[in-house]
Each structure stands twice: as structure tokens, then as C-alpha cells.
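For reference, the structure discussed in these notes is given below.
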Amino acid sequence: MYNFFDQLFVALGAWLVGLVVAAGNGVSKLCCGQPMSEAAAHNVAAGTQVVLICVTIYGVFALCFGLATWLERKMLARIQNRYGPNRVGPFGLLQFVADGVKMLTKEDIVPARADKLVHFLAPAIVLAPALLMFGFLPFGRNMAPTDLDTAVIAFFAVGAGSELALFMAGWGSRNKYSILGALRAVAQMISYEIPLVLAAVPVVMIVGSLSTSQIVAAQGTDSFLDVKGWFVWTPWGFAGFILFLIAATAESNRSPFDIPEGESEIIAGFHVEYSGFKFALFFMAEYLGMMAMAGLGVTLFLGGWHGPKLLPSWAWFMLKGFLIVCWLIWLRGTLPRLRVDQLMAFAWKAMLPFALFNIFATAVWFYLPKTTFLQSAVAWIITAALVVAAYLVISRFVSRRAGAPRVYRYAS
Amino acid sequence: MAMDESLKSELQKAGVFVTSIEQLYNWGRKNSIWPLQFGLACCAIEMIATACARYDMARFGAEVFRPSPRQADLMIVAGTVTKKMAPQVVRLFNQMPEPKYVIAMGACAISGGPFKEGYNVLKGIDRYIPVDVHIPGCPPRPEALLHALITLQKQIEQDHLTGKRKLRAYDREQKAEWLVPAYGEHDLEPPRNPEVWKPEPQVRPEAK
Amino acid sequence: MIQPFTTPESGYTLIPKEGAIETQTIEVSMGPHHPSTHGVFRMDVVLDGEEVKRLKPVFGYLHRNHEQLAEKMNWLGSIPFTDRLDYFCSMSNNWAYCHAVEQLAGIKVPERAEYIRVIMAELTRLINHSCLAGFLLSDAGAWGTPLLYAFREREKILDLFESVSGARMMCNYMRFGGVRADVSDDWLACARKVVENYPRFLDELEALITGNEILLARTQQVGILPRELAINASVTGPMLRASGVDYDIRKVDRYGIYDRFDFRVPLGEVGDVYDRYYVRILEMRESVKILQQALRDIPEGPFDAGVKMRNFKVPAGDGYGRIEAPKGELGFYLVSDGGTRPYRYHVRAPSFINLTILEDMCLGHKVADVIVILGSVDIVRGEVDR
Amino acid sequence: MLGNGLLQGLVVTARNFIRSYFDPERLTTVQYPEERVTLPENSRSFPFLVYDGTPDNLRCVACKICEQECPPQCIYIEVERDPKTGKPVRRPRVFDIDYSVCMQCQICAEVCPFDAIKMDQVYELAGTDRFGGMLHDKAALLKSNEYYHQIRPTEADEVDARLSQSKKKVSPPIAKPAAVPPAQPVPPKTDV
Amino acid sequence: METLNQIKDRIEAAVPSVRLAIEGRSLVVDREHLLEVARFLKNDAELAMDYVSNLCAVDWLPRKVKVKEGGQDVEKDLPGFLEVVYDFYSMAKKHGPLQLRCRTDGREGMLSLPSITPLFRGAEFQEREAFDLYGIRFKGHPDLRRILMWDGFKDFPMRKDYQQPDDHEWEPTPHDEVLQQAKKHWPAPSAAPVKPA
């Protein structure tokens, strides 16, 4: 029974592929009098699979985007002691449909002095990397869309494309605020890409592979619970996970790192001149990027689709992904925004050294013997001590810059 | 030219189709009114209070206050429009994409209110831009703003994509840009936009 | 014309090509429609990258001719207009105006009315300062959560105001020689409850804000206002005290019955945005103390001096009356020619004058700091432009 | 330690998030069209004219005090004249209040020596028509004493007592006002 | 704080050829020596008036005043003038106020008075406001521009003889001056469209 649900979509896909191949054979028989050659059948099957995967990913994550906006609005509302959207559909679930309909039908304004081509292309380009990133994540057991050997690198490489789009948007709009936003976006995203990649390096070191499927496989155990192998339980994994979360927040321009669109300072930053559906595309790219980052975080540190065998593997993946999304929303509901120089300083002076030190700690962990329980415990404690010590030293420097609560006097 | 029966029924069919698109369209716009984050004076505080926990405008899907006029649907003119501010208000309204709506919140926005006899106060924003809903009050309670929002939603429900009463956004004959007044030596120039400002009746209505 | 230049150490001559990259300052007009200028305020900012090189505030987008209207109106008619000056603190504005008129006309205010006025003014101070903290955090990018918490508490106080004066914001409650309506015992009980619960909210707000490292980084050492400049620029209110000047009109003038209450005046050390924020938090705690004492001690008696409001006349003369409003010194300069209307009516608005040194505080900081600094000045446009 | 303050803040918001599901203190929303905040008795919106019994029997004598005192000058009164003699009758022919100007300050109700003008509590007046819709004439402003009793019982009782006292001095009390339905339904009040 | 008379004597001793007069609770200072007097008040150790709280202009129309002349009340014509009122306090000594007044000759056209902004930054915007609304040119002000009205505005709206632009064509409840102005826009009574009751 568990296997049935676990492999439901895989089986469904295989059945559909089989159907298409059978149909192809039928057509071929009708035309040429004989079934397709093996190579042709293979090609048809592969092509069908690609189309299926694309349609599914876009369909599922477009829906997830809607749900995420709804979730964000509801969660922020609850944090702020109110209901949030609740008039459209049950619990306001159809709110994003209404927003979509409205966005689609809004007038599309292109400023007279804008660079028309760049202004037009930017929203299309911003969405592409956000969608492509999903291609490298294994969503469940046997459910990896692609199984590249260099999936992690490919993920980061594709994700870096969004900087270009944001810069195009800011530049093409010819608005002072949007240029400020664009420059901020580029500076921030390039800076945070480094700690982001470095946070993922320990995992790659331990697994010895850049393939996301293998990384997930390395975190699995065959037990019923299947949580023990997650990298987040190791000291370096935990530190890496925190680093990854922070860098991913910055990478997807989410509060408290949302300075490229910093509403209270530069209105809406790079997309200040975008209206209607183009604006919706930016919105969508932000959320999809955020979910892709969450997916990668799940893959790298939270055991991918592994989990107690109460839920199918793909459900575990989605659940963990949405938990990370919830965490990002929670952050947004709480924290103020950093200033642009502080943001850069934090990336270069705090996160980078800590990420490098984390790699060192991982190397120590790698070479420490872990055959017996006692040895594992010792290795765990030593690595943890290293990580904590590094954290304390760095936080000392950062808090000196950040300032401290003061003592106040009263007039006599 | 007489219309034959089959064409009529076909048109009716098309009409049915048009109506349902219209309904979906109106439903979407109605439930996703994003106001411009734009406060002028006292009423703006009540506008914020409306978005806050006690009254929670978010329930109607209208809590997404966009700071950029390009992404907003609704301009809540919340407070006194001074003559110095009026050109900017009109410009902001021009910058918003169609379909767009205006709520004049509070006495000052409708008519200049208590301050209307001042030399720098515009006697109502409807001298320059078309207003959909007026809320009297100084300031109106947050509930009154919610009531206005519901009134606006009801109005949107009755919008048409075609026909005589079609939306401004789909009417090529309608103006797309409103006149932005210039600062004059004594007053704004022109002091009112005659294409928008059509008081009816023209004078103090005399009771019998 | 770009001049070629030689580096002295190497002797290597660098010839910049035509059209080489130059830096250029950009001029940005922040406002009058900007999400965080607290209404319709405009700052013409010259930026070098993100750094502020020059900043000129532009006023008048909410100039509602309050003073001229008041000169056309009888003395009573201006009270509801004072509500709309600083629309967060209608009660204090009422008091300031009534105080000035009472000084001019020599009206004695009964004791109960004085107590009621103190209660209202301090409740107003709570509203103003907690909303300020919320707005400041909103400006810093906290997505409104602290603001919404502040408004949640504000609603409770507004309910109190509404049940005694009839309106949430524009109370129009005070009259020459007293207040318009008496407060009932039930009301006092409700007020006591609100005041008792207020420190808990302050604790929550502080847990949310005060220790937050991001906020500390954003606000400390930002927008420092030195003590001497603060005095010279006539800065008043919490902003002045954050710069370390001990000047609270409640203590200096001892108007009303403030000499009966035991409260302290918190002072800042550095005079930066953080001090301005935190001095206000401390002031709220002191306000709670005053409120507790006032609600405990309020005596029975008449709530107004029985001044006839219709055809109210003030003997000819002029006078300046001031109180410590939440934002600073709110004063009214009134000239009477003995008639039913003021001959001259001038508002000394704290927000307006506190903005004088905005440029001095912002120069050399980043754009994002400008917003936070402006937020910490605590302006309300209705009062700045009047 | 770095991050301590951030965590504290996160705890506060998390607590609010969770408590919003069972603590009414942490979910203060009043779902407006269905539920309403109970207005306190003193709450005021716009002025209306009180009549006793029938709408002809209005208390206003067109003394124009409110017109003079109204700070934004939004009241317009014309005295009715006897059609034969041309002498003024003590009642208004025209009584207009421009709700689009009124600032709800209550001064008209305060200065009225005849307790004829009082403050209403209706706030749902948003409309699309500015020129006709916001100018309320005498017919729209008239509301019965019963309605006044409904919205502010205590104050109305005081007013009635005061009026009957002054009437005793002048003339014997006139017939008790007939039970007339209120001019406008009172907004439904729900406790929250 | 010292009495007004004491202060007057001390100022006269410190600032040569100053012309001072006491009117009510304030000191009237002549135009030429205003800055000197302000400097004296600020720097004097006893007074230490370091804080100019309020600065505003008053427009006095020509009027008749009763003056005692030889034991008799005589009505005298007083020409109109613009007056600037300064309220000084001391933050260091916590006393005050000390009110100064300074007057222009007549009230027509642009009139000038010395600016105290070089001494007190706090006067900067208040003087700009007085300039904007009353048309008093403050000599020595670093940045004297209109502050509340727009730059191209020509009038000084707070002067008592300011005429408002006429925009009274829609006045449902007009009164007094407004009624007079609104009536200009009303058509002849016969042509007036009647609103259905």
C-alpha cells in the first residue's frame, strides 16, 4: 500500500509513457505496417517523459506559487493578529486566482523613456531560471526529473541567471529608484552566491558527488523512521543548513534581505515600473526561486524525500519544502531590513569565514573515525566544538559592529 | 438590415460566452483590489487602522498596499488635497494602470471639508479625477472605509466589457490621461478640469 | 576635460579615454508620495551611489491654512481644528490650545478637569510613542508587525476616547476651563485596566524590537544629533532629551497639575536614532506611572469652570501658551482684540521645527538611513504644514 | 550572543501566531459586515434633527445658532415665513447639512438651546453620488425622538426631563408622542 | 528671572544706541539692533536665552487706539505694520519666556527685518514661514525661499487683506463672504434649476 502511494506518480508517468508508445506503435503499424523500431520507441518514450515532467513541474509549482502567496498572506495575518483573506473560496483559498485574473487583465504600462526591449524581456528572463532550477531536484523516490552528475553546480549556475534579469528590469525601466534597486540586487545576489555555494560544499565533500540523487541517497537509512541520516543532525550539517538558509533568503530577495525592492526606501526597487502581468511574473519568480531554494535545502540537509514511512516520499519532500517557506514567511513577519552596506559586510565578513571554517570542520569530521558509537560521539563533539567556537568568534566581531543595548539615565 | 434568426441565436450564444468571461473578470477584479499606499492626512491613519488587526481589510483581499502606482488598482484619497499636492495626485492617478478606481475618503477629499475655505485647499479631488465612491466623515470610521470598499465591489460587479456602459479601460473614446494642473501665480491652472468636474445642479439646490 | 595624470611613485602616466566612466550624483525626489515619508513630505536628495550628499526638505503639501481659518472663526470653533493638527494626539492639541486661551483669559480650571486632562494627555502620549515605534520599524522594513501590535493597543485607548468624547481620533474634548463631558466611574475602571495591561504590551514590543541585532545595527550611531545643535535648532520633546538635554515642559513649566505626580525624565547619551527610539519607550513607562497616580487620585468635583462657550470673548491682549505634547513643545501664540475671534492665531508646531536639522543628521548616511532618521524625528504632516 | 535578539523577536511573533487560534485577545478582528463593534453611547457620526411625534413637530426653531457656530460652516438654514403675512415662523423652511463638509465635531449639538440637533451614529454613508447624495436636506435629517432614545438612552432621558421641565414653566405638556417607527433602522449591534 | 525693566536696562547698557520699549509683557526692539539684542540675550550669563521657542509674524492693520494724552483719552490713528514676535526661553537656566517684538515700517509690499537664523538655527524655518505667508524679507537668512506655498506663488496669503482665488461655483451651504462670492456664480433666480424636493 505504501509503495503504491509512494510510486503513484512514477507509475502514472510510466503508464502514460507506455500509452504514448503504444499509440505510436499503433500509428506506425497503420502507416508502415510494423511497430516502431526499438530506438524510435525509446526516443518517443524519452520525449514523452520530458514533456510530462515539464508539464507536471510547471503545473504543480504554479499551483504551489499560488498556495505560497495565500500561505504568506494568511500567516502574516495571523502573526499580526488578524484573519487575512477569507472571503474568496474556503479560507480565502481562491484569493490567488482572483489576483491572477486581475493581474492578467491589467493595463500594461511601458514608460515612454524606458528601453522597450530590455523592459519587455526582463520578466520573461527572470522566470526562466526560477523554473529551470526545479529540474535538478529529486522530488521523491525515483522522481528526479534529471539525474545530472553535476546537478548542484548546475542548480547554482542556472540560479545565477536571475541577477541578469533583475538588472535588466532595473536598468530598462529608466527610473532612479529602479536603478538603485537593480544595483543593490546585483551586488547582493553576487555576494550571497558565495556563502550559498560554500554552505553546500561540506555536503558534497561528505557524499563525494555533485548529484542531487546521490546526496539524497547518502542521507537515507532503510529504517522505518528514516531521519537518522539527515545531514542536519551533524554539527557541520546544522551550521551549513543555517548558512544555507540565510544565504538562500538573501538570494531570493526575501526579508530581512529584501533591499533590492526595499519598499520603505526605494518604493519597489527594480520592478517599480512594472504593472499587470509583468509584475506578476516578478512576483512569481520570487516565490518560485524561494521554493526552489527550499527544495535544494531539503535535498542537501534535510534528507531530501526521506522521512518516516507514514507519508509517501514526495509528500515528505513537499512538506519539508513548505516548512522552509513558512520559516521564510515567519522571518518576514518579524525582522526589519538590513542596510545595504551592512548586508554586504555580513556576507563577506561573517558568512564567508564561517562557511570556510565549516568546510574545515567537515574535513575534520571526515577524517575522524566513526565506526563505534563512542567514536561517533567523540567526532560529533569535536566538530560541534569547532563550529561553536568559530560562531562565537565571528559573532563577537559582528556584534561589536551591530552595537549593544544601552543604559539610560534620568534627569534628577 | 434585418437580422436572421440563426445569426441572432449565434450572437446570443456568443453573448452567453461574453457574459461568463465578464463575470470571471469582474470577480477577479472585485476580490483583488490593491490600494495604493498613499496617505495624505488624518484619514490616512484611519486607513492604516482599517488595514490593522481590528478591522482587517485583508479579508477582502485588499491589504496589499502597493507603494508603486504601477501596481495598484485603487487610489484611496485619504485626506486633504492641497493645491500644492493636487498635481501630484493627478499624476499618480495617471500612472496607475487601468482599470483603476478612486475612493475619496473623508470630507476633505470629497469637497475640501472643514478646510475648504483655505487658500491652499482643493475643494474636492473630483475637480480633477473621477471619483467612484465618496465616504463622508472626518475622519470616517474604519468600518465606513470597509463599507465603501464593499460598495466599490458591488459597483465592479456591474461593470461591462462591451456595450454602452463598458469600462473606461475598454473605451477608446474615454480619456486615458487626466489633465495635470500647473502651479499658477495665484491658484492652480486651470482651477478645475471641466471634463471631469460637472456639478449637477450647477448652483445651490434651492428647496421649494 | 579630463586631465591625464601621473602617479608619483611609478611615473606611469594614465590617460583616461574620452567617455571614460565618471561618477555622477543623482538627484532623487523622495516624496511627496513615498511610502515612508509619513504623509506628503518631500525630500530632495542628492545621492552619490547610496550616500546622501545633500538633502532639502520641501514642505507645504498639506498646508491647510489652519491659522487663517482660525482667524476667521470664533474661539470655540478652532478646538476641533486643533484635533487635526497632529492627528495622533488630538487630546494634547486640544489641551495646548485651551491652555493658551485660559492663560490669556485668566480662567481657572477645576481640579477634576485637570486630572482628566492629564489622563487624556498621557494616554495620547502612549498612543503616539507606541505608534512611532511601529512606524519606525515599518520604515526599517519589518513588514508592519510592530505597527500592527501598536495599533492593536491603540484601539483599546481609542475605545476609551470614543466612549467619553464620542470620536475615535478627533475627540474635540477639551473646552476652555475644563472638559466637555465628565468621565464615569466605569470609564475610570476601564482606563485602569488598560493602563495596568500596558506595561505588558511594552514588554512584548521591547522583546520584539529592542534587542534585535538588525535594529541595533540600523539605528545605533545613525543620525546623531549633538546636544548643542539640538538646543540651537530649537528641537524639543523626546528628540531633544535623546540628545541629553534635560528639558521637559511638564517639569519646567509645571503646567496643569504635573507637579503632583512622581515621574522621571529619561535622557539619552548619544543622540542617535536608537536613543530617540528608546527614550520614547522609557517615556511610555513613565507615562504609565503618571496615569496610575492620576487614576488613583482623581477627585470628585466639577469638570468645567462653567465658561459660556457661545459668544466667548477673550480680553484684548496676546499670549503664548505651551505644553509638552508627545512630539515636543506645542505652543499657541494668540492675539485677541477683545472680540469673538482671535486676531492672530499661530501654532508653534514641534514636528515642523524639529525638521530644521534633518539635513544635518542625514548627510553622509545611506538612503535607507534617511528613512529611519526621518522616522525617528516623529513628524505628522498635519502639524508640520498646518 | 549574536542572534539572541532576533530569536526573541521570533518567539514573540510565534506566540502571537499560535495564540491567535485560541486567544480572542490575539485575534481582535471584527468581521465587519457580519459583526460590528458595539458603539459606545457617546459615539457620534453626523448631526440629525429630532422631532417629537410627527415630523411636523420638530424641535428646531430656526434660530440659526448652530449655523453660526458650525466651524466648517456646513449648515444652511432658511426660516419659514407665513405665506399670508410674510412674518417668520419659528421653524426652518430649509435645513441643509452638507455631509461632505461636516467634521463631526458636535458643536452644533452642544450649542443648540432647544436640543433639536443631535449626533447620529450611522456611519455607513459611502455613496457614489456626491452632488445629491452628500447634501442632506430637512427630510433626510429628521429622525424621531424614539430613534434618539434608541441610540443614546441615557442622554435622551436627560434631554426629555429637561424639556418637560422647561415646558412646565411655559405651557402644559403637549400630548405624548405617538409611537412612530424610527426613521431609519438602528445598525444591528453585535457583541464581539 | 529678572524683571522686564531690569533686562531692558541691562540691554541698553550692553548694546549702545538701542531703542527699546516695553509693551505689555514684551520688549519692542528696533530693527537695526535686533540681532545685537538677540546675541546679548543668548550670551549673557544671567539670562542665557539659548532657545528661541516661537517666532511668528502678526499683520496689524491701520487702526484707532486710545491713548492717554494730558489726562484725556484721545483716539489716534495708528498706521499698519507687520510685526515679528520672538519668544525666548532658556534651556540652561530653565526660565522664560522673554518676548521680543520687532516691527516694520508700514505694511505694503516687501518689507525687511534682520534674520536671527545665524544665531539660532531654530528660527530658520519659522522665518521662512513668515516670509512665505507675510512677505517679510529677513536679511541675513541663508535660504529664504517659500516654504509652504509653491515657488511661483505671488501673494502673501496670511496678510489680512489677501483676496482668495474665486472657486465658489459649487457651494451647497454658503455663508457670509463665501455666500457673496458664491452668488456671483448663481444664475438669475428665474433660470435657477430647481432640485426636486
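Going in written order, the chains are labelled A, B, C, D and E, and every chain counts its residues from 1.
Everything below uses one rule, namely that contacts are C-beta pairs under 8 Å (C-beta built on N, C-alpha and C of every residue); 3 or more make two chains touch, one makes a residue touch a chain.
Just so it is clear, the structure is predicted and the values come from calculations on it, not from any experiment.
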Shortest walk length in steps over touching chains, chain D through to chain E = 1
Enter the minimum step count from chain A to chain C; a value of 1 means the two chains touch.
-> 1
Could you quickly compare B-E and B-D and let me know which has more C-beta contacts?
-> B-D
Going by C-alpha centroids, which chain is farthest from chain D? Tell me that one.
-> A
Argmin over chains of |mean CA - global mean CA| returns C
Gap in Å, rounded to a whole number, between the CA centres of chain E and chain C | 25
Could you state the distance in Å from the CA-based centre of chain A to that of chain D?
-> 56
Cα centroid separation, chain A vs chain B, in Å, comes to 40
Please work out the Cα centroid separation of chain B and chain C, and write it as a whole number of Å.
-> 32
Of all residues in chain B, the ones touching two or more other chains | 52-54, 56, 59, 67, 84, 114-115, 117, 119-120, 138, 141, 199, 201, 204-207
For chain C, what residues touch not just one other chain but two or more?
-> 34-35, 60, 63, 65, 68, 80-81, 145, 148-149, 152, 155, 170, 208, 210-216, 385
Got the chain E residues that touch at least 2 other chains?
-> 148-150, 157, 170, 172-174, 178, 195, 197
Using the touch rule from the top of the page, what pairs of chains touch, sorted by label?
-> A-B, A-C, A-D, B-C, B-D, B-E, C-D, C-E, D-E
Provide the residue numbers of chain D that touch chain A in the complex, in ascending order.
-> 1-3, 6, 9-10, 12-14, 16-17, 20-21, 26-29, 31
Within the complex, chain B is touched by chain D residues 27-33, 36-37, 45-46, 71-73, 76, 78, 93-94, 96, 98-104, 123-135, 137-138
Interfacial residue positions of chain A with respect to chain C in the complex = 76, 79-82, 176-177, 179-180, 184, 255-256, 258-259, 262-267, 332-342, 398-399, 401-406, 408-412
Under the touch definition given earlier, write down the residues of chain D that touch chain E in their complex.
-> 67, 73-76, 96-98, 101, 131-132, 135, 137, 139
Please give the residue numbers of chain B that touch chain E in the complex, ascending.
-> 84, 117, 119-120, 123, 183-187, 191-192, 199, 201-208
